[in-house]
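Let me begin by handing over the structure; questions about it come next.
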Amino acid sequence: MFRFPGTIFIFAATLLLQTANGAEVNVYAAASLTDVLKEIAANYEKQSSDKIVFNFGASSILARQIIERAPADIFFSADEAKIDILQIGGLIVNDTRRDMLSNSLVIVVPNDSKLAIASPNDLLTKTQKIAIAEPRAVPAGIYTKEYLSGLGLWEKLKPKIVPTENVRAALAAVESGNVDAGFVYKTDADISKKVKIAFSVPIEKGPAIRYPVAIVKESKNRLGAENFLRYLQSDNARKLFERYGFIVKF
Amino acid sequence: MKLEIQQLTLHLKQFSLEVNADLHSPRTGIFGPSGAGKTSLLESIAGLRKPETAKISLDGCLYENSEQNYSLPVRLRKIGYVPQDDSLFPHLSVRRNLLYGTNSKSEHVTFSFDHVVDFLRITPLLDRDVRSLSRGENQRIVIARALLSAPRLLLLDEPLTALDLKLKNAILEQLRFLHNEFGIPMLYVTHDHAEAIEICEEVLMLESGKITARGRPIELLA
Amino acid sequence: MWLTPAEWQIVRFTLAVCALSTAIILPLGLAVAWPLARHRWPGKLLVETLVTLPLVLPPVATGLLLLKLFSRRGGLGQFLHEHLGMDVVFTWRAVVAAAAVMSFPLLVRSARVGFQSVNQRLEQIARTLGASNARVFFTITLPLAARGIIAGIVLAFARAVGEFGATIVVAGNIPGKTTTLSLEIFETVQLGHDASAYRLLIVSALIAFGAVWCSEVLMKRSALR
């Protein structure tokens, strides 16, 4: 009679023990970092007993979660504004903050698109729907709005804008063909096989994109976080970031 | 009238209903104990129940022929049906209930609304709420409604149950002269001797689904 | 004004879209509920399951199915885009579609119960009085099933107003175009605009009260006069 509950108990205890031994490092990172960070983490785990657990999403949503005391150890944001908010709120360890990467924006269209878009101006006449990450909150959307406003195109393009939850969702919308074009990071466009780049925003003309990182003050695994953060700035990591198309700033 | 029922069979819970009869009398009774199959017989004639086999015709018009897989739809049979249970439409007024069967479909309106209402003494009830009626009032209106649809045949299933004697006698009289007044033949189901004797010209005895006797009510039931 | 003009637009849009979706599913829902209530037929179980599906699937999963169905690539969406120049995904049409699909099962269930509660004897009598099947349905069955049907309509409307998961997948959250009350509350919470979120929350509650009040009035006036 006690066999079954007994087995469950032992099983649960084993699980708990396992997680206690090789600790977890919870990394909350911008959606655009999904693929590169997963590969970096896979490499890291070969030489460390720690396990990297990711939570990818729009930096705005992640920041909000951390404010609500979600159990993050590291926050890797796609813009400074989000980390600034956390810094003001005393939620990050200030001297662990680093400027890590930069990126550039591109206009993508579905692979089979017949639209000839050679510049942002073409979007006015050739498209009906344009996907971008939510311009009120998500970094990729904020950057896009900044760029288009600078060109005087934002108000005119606004009726065509389809805001998505994060930059990868914008990419997916373009891939599905349900929108005519979208603004994503160049690193996102490079990964997708279903879209092609119609226009690359020149770095000098585009918004200043910054990806800062920091350790969360209430981290339960400070040591693990520091170790991984150090690895993120190693040569191995640098090579991977560059391979994926990010501009390395460290 | 001429109601021909041939080879009607219908399996009921305890026994089979098997009827073979030609009915002529405009006031024919079906008499038997409860559970004898009387209601099922009426329902089969009205088309509300499908017998396993049957050949039924009324005044030469074929209603049912199971051999040819033919069954005339209920709405075309022009058979008025007064069931045992409550059957007034609760969401319509008394007046709308009465008028329900009197639409364009009836090519001939044999008698007027006032005539029927008068005869069954339901004039004061016309604007009453259906749910406020006593059983006696209820039954008279159901009969009137069936009459107003100008049927070829009226089927009444124990219409006077749960009525007190005084009321019963009042309505009995109306029923007895229904045919005189409106010319519509009826099939009257009851398990009450007095009713059968009072109303019917001829009676069929139904027991466990089979007709066991046939004749004048005085002879069979007194 | 207690609500901003933008918020008013969202409320009006939500009510309009939900009224439209409820109006669309009403004839369809009755047409499905009636045979489910009355007859046995081959394939009945399959239809019952399909109708219940939006109730049981996670709303985003239903949204995904709608996304595939109305996608510009293949399916209905391609046809509409190429022949009628009409898009569904990321437009108000998708909002209506999501609301309609998610609220459909509630209408059908309630209407089915309403139909089942109608005394079939009364329908039989109506037929003996010469009424065609259509006349019986509209003059006897429908009025007597009114309570269940009205309850179904109110439930469906309320479900449409509260719809979120499928909507955000197939229609997106486009300000001025597809943003509904639910979507806006979500967004304001995300952005930390709590005051706005609470205002909209109160509006939602008022709509809920309004719907229940309407249903009470309608029921009193219905069938059993």
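As written, the chain order gives the labels A, B and C, with residue 1 at the start of each chain.
Just so we're on the same page, contacts are C-beta pairs under 8 Å (C-beta built on N, C-alpha and C of every residue); 3 or more make two chains touch, one makes a residue touch a chain.
On a predicted model such as this, the values are computed, not experimentally measured, just so you know.
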| item | value |
| --- | --- |
| Set of chains adjacent to chain B and to chain C | none |
| Nearest-to-centre chain - CA centroid comparison | C |
| Averaged-CA centre spacing for the pair chain C and chain B, given as whole angstrom | 45 |
| Where chain A and chain C are represented by their mean Cα positions, the distance between them in whole Å | 37 |
| Centre distance in Å when chain A and chain B are each reduced to the mean of their C-alpha atoms | 81 |
| Interface residues, chain A side, partner chain C - complex | 60-61, 64, 128-129, 134, 136-137, 161-165, 173, 176-179 |
| Footprint of chain B on chain C - complex, ascending | 121-122, 124-132, 139-140, 143-144, 223-225 |
| List of chain B residues in touch with chain C within their complex | 46-48, 73-75, 77-81, 83, 85, 87, 89-91, 93, 100-101, 103, 105-106, 129, 131, 145-146, 149, 151 |
| Of all residues in chain C, those that touch chain A in their complex | 67, 71-73, 77, 87, 89-90, 168, 172-175, 187, 190-192 |
